[in-house]
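Each in structure tokens, the structures are laid out below.
Each of the two complexes below includes chain A, the first together with chain B, the second together with chain C.
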Partner chain A sequence: MKRFLVILAAVVFVPILATAMVDLAPAPLDLRPQVAANLAVSGVSHQVTAVLLNYRGYDTLLEIGVLLLALFGVLAATPAHRDIAPARAELIQSTLTRLAVPLMILVAGYLLWAGAFRPGGAFQAGAVLGAAAVLAHLVGLVPGWQHPGLWLRLGLVMGFVVFLAVAAATLGQGALLEYPPPLAGTLIVVIEAALTLSLGLCLSGLFLFLSRGEGVES
Partner chain B sequence: MGVCGVLLLRHLLRRILAFNLMGSGAFLVLVGLAQRDDIANPVPQAMVLTGIVVAVAATALALALARRYHHLSGRSSLPEGGDD
Partner chain C sequence: MTLALAFDGLLALALVWSAWRCLATPRLDRAVVLFIAFGLLLTLAWARLQAPDIALAEAAIGAGLTGVLLLDALGSFGGRERNQEGE
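What follows is the complex of A and B.
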């Protein structure tokens, strides 16, 4: 009975949604002109990066906070670890990974820099770093992580702390996260670099802390 | 379809997949609606980028919890409450 009701409601909802989307009037508030007009003083020259790190930098600050929270949750939900031998991998996988991982680190560095001019930026670079770590773990190059030590904790928290420090500094002088225009580019690069490192560690941790949980045998 | 999956499927892993399906659909609608017969609009694109990252984090947490539940109880779906 419940199944039938839910499916019926969903099936009825879809054409309503489709007609609503097709008949929507153009949005009354279009921010594109403002984004383009202020691009010169925002410190970067790509619109999406400017939105993410300057106009709506507050959202990005909270985003990295949410990621750290998820990592804490994963750490809390993973029980005490045992010593597990790293996975053995085939020769082909292993060789390809050894070739790919340094290249991926290089790509992450490029994405971080290119974020100012093209699609890219801290989150994309951090995601590539996280993927590189997971790939290396799958072929046994990187063992699963245990309880985080001091360096790992510092690295994880550093991105959030740097961003928070910049936000506090700008709060002291005016609005939250309102970079002074001559410093905007530099501040954005510094924040993005710290964010990339933290994000790479956080995303890898989301997988690698789990992998040492209850008995992932090789 | 994603909403159906979240509500009706009992296997926990499939529920998480359905949740992700729902989220991806919502993101697509957001970005597509913002750009209708026009040039790309960066503001909702940035919002959706943030949304994708948060969805990834939430999925990781959900998977960790599902794994822990499976380890503790040996089951892969929550006990049904005897509803019809």
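What follows is the complex of A and C.
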């Protein structure tokens, strides 16, 4: 009986959903011409980066804030414990990682720079940096983080702080994160560089701080 | 053209199938591996939709880091269960 009801509900729901999808009106507001028209004063020549770092910069500002909050949550929830010696990995794994990590850092730098004129940008570069740190931790090259030291703390908050500082400094322009056009390119590069470092540290921190509580159960 | 269409169709089917398998499988370790496979397929889908930015982010964060975190969580839960069984 229950199964019959579920099937009946699905049979009724699917045509309604399909009709709604087909009847969906085109977006009432087409912003693509505006994005293209203002690309020249945005400081970058790639539309996605222009939207993320210039037109809707406050979204990105809040995003890095959310990531930072998530990391604070991990820091608050996992207890700090004694130093745990990192697990030794096989020779092949650690050798391959030693080869891969410098290349990944290079790729992160390229992605950061490429974001101005082609797909790439701070989030992708930061994710590659974070993945490199996680990889190095998994084969035992980097120990899990215990207490965040001063430099680590500075690195973690740098992206958010630099972004906020730029937002505060350009507040006189009239709108939040409205850069003066001649400076826009430089400001975006500065913000993205700080964001990349902080994102890499935040994303790897989600993993490397978690591993500090691992000695509890054993 | 038809080859591209066939590839897209196959990709869409594989996406739905892996999503269903990921949710329906009773074993957590398989679910995590299927989740990573699903993320990689989704990366291909974004690339086919000519959104390389999202494809990059999906591959790095969605499939890579989330997968690693899930594997780590699975490892620590698994270790805890084994310890309780041993007691």
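Quick note on the criterion: the second predicted complex is superposed on the first by the 194 of 218 C-alpha atoms of A that agree within 3 Å, B and C clash if a C-alpha of one lies under 4 Å from a C-alpha of the other, contacts with A are read in each partner's own complex, and residues count from 1 in each chain.
As a working rule, contacts are C-beta pairs under 8 Å (C-beta built on N, C-alpha and C of every residue); 3 or more make two chains touch, one makes a residue touch a chain.
Bear in mind the structure is a predicted one, so any value in this text is a computation, not a measurement.
Contact with chain C, but none with chain B, is seen for A:G120 once the two complexes are overlaid on the shared chain.
Of the two partner chains, chain B and chain C are each touched by A:L210. In the superposed pair of complexes, A:V51 makes contact with chain B only, with no contact to chain C.
When the two complexes are overlaid on their common chain A, residue A:M21 makes contact with chain B while staying clear of chain C. Once chain A of one complex is fitted onto chain A of the other, the partner contacts of A:V134 are limited to chain C, with no touch recorded for chain B.
Once the two complexes are laid over each other on the shared chain, residue contacts for A:M158 go to neither chain B nor chain C.
Looking at the shared chain after the overlay, A:R3 reaches chain B, while chain C stays out of its contact range.
Judged by the number of chain A residues each one touches, B leads among chain B and chain C.
Residues 48, 123, 203, 206-207, 210, 214 of chain A touch chain B in one complex and chain C in the other. On the side of chain A, the complex with chain B involves touching residues 1-3, 6-7, 10, 21, 24, 26-27, 30-32, 35, 47-48, 50-52, 56, 59-60, 63, 66-67, 69-71, 73-74, 77-79, 123, 203, 206-207, 210, 213-214.
Interface residues of chain C, counted against chain A in their complex, comprise 52-53, 56-57, 60-61, 64-65, 68-69, 72, 76, 79-80, 83. Taken in their complex, chain A has these residues touching chain C: 48, 111, 119-121, 123-124, 127-128, 130-131, 134, 203, 206-207, 210-211, 214, 217-218.
Against chain A, in their complex, chain B makes its touches with residues 1, 3-4, 7-8, 29, 33-34, 36, 39, 41-43, 45-47, 49-50, 53-54, 56-58, 60-61, 63-65, 67-68, 71, 83-84.
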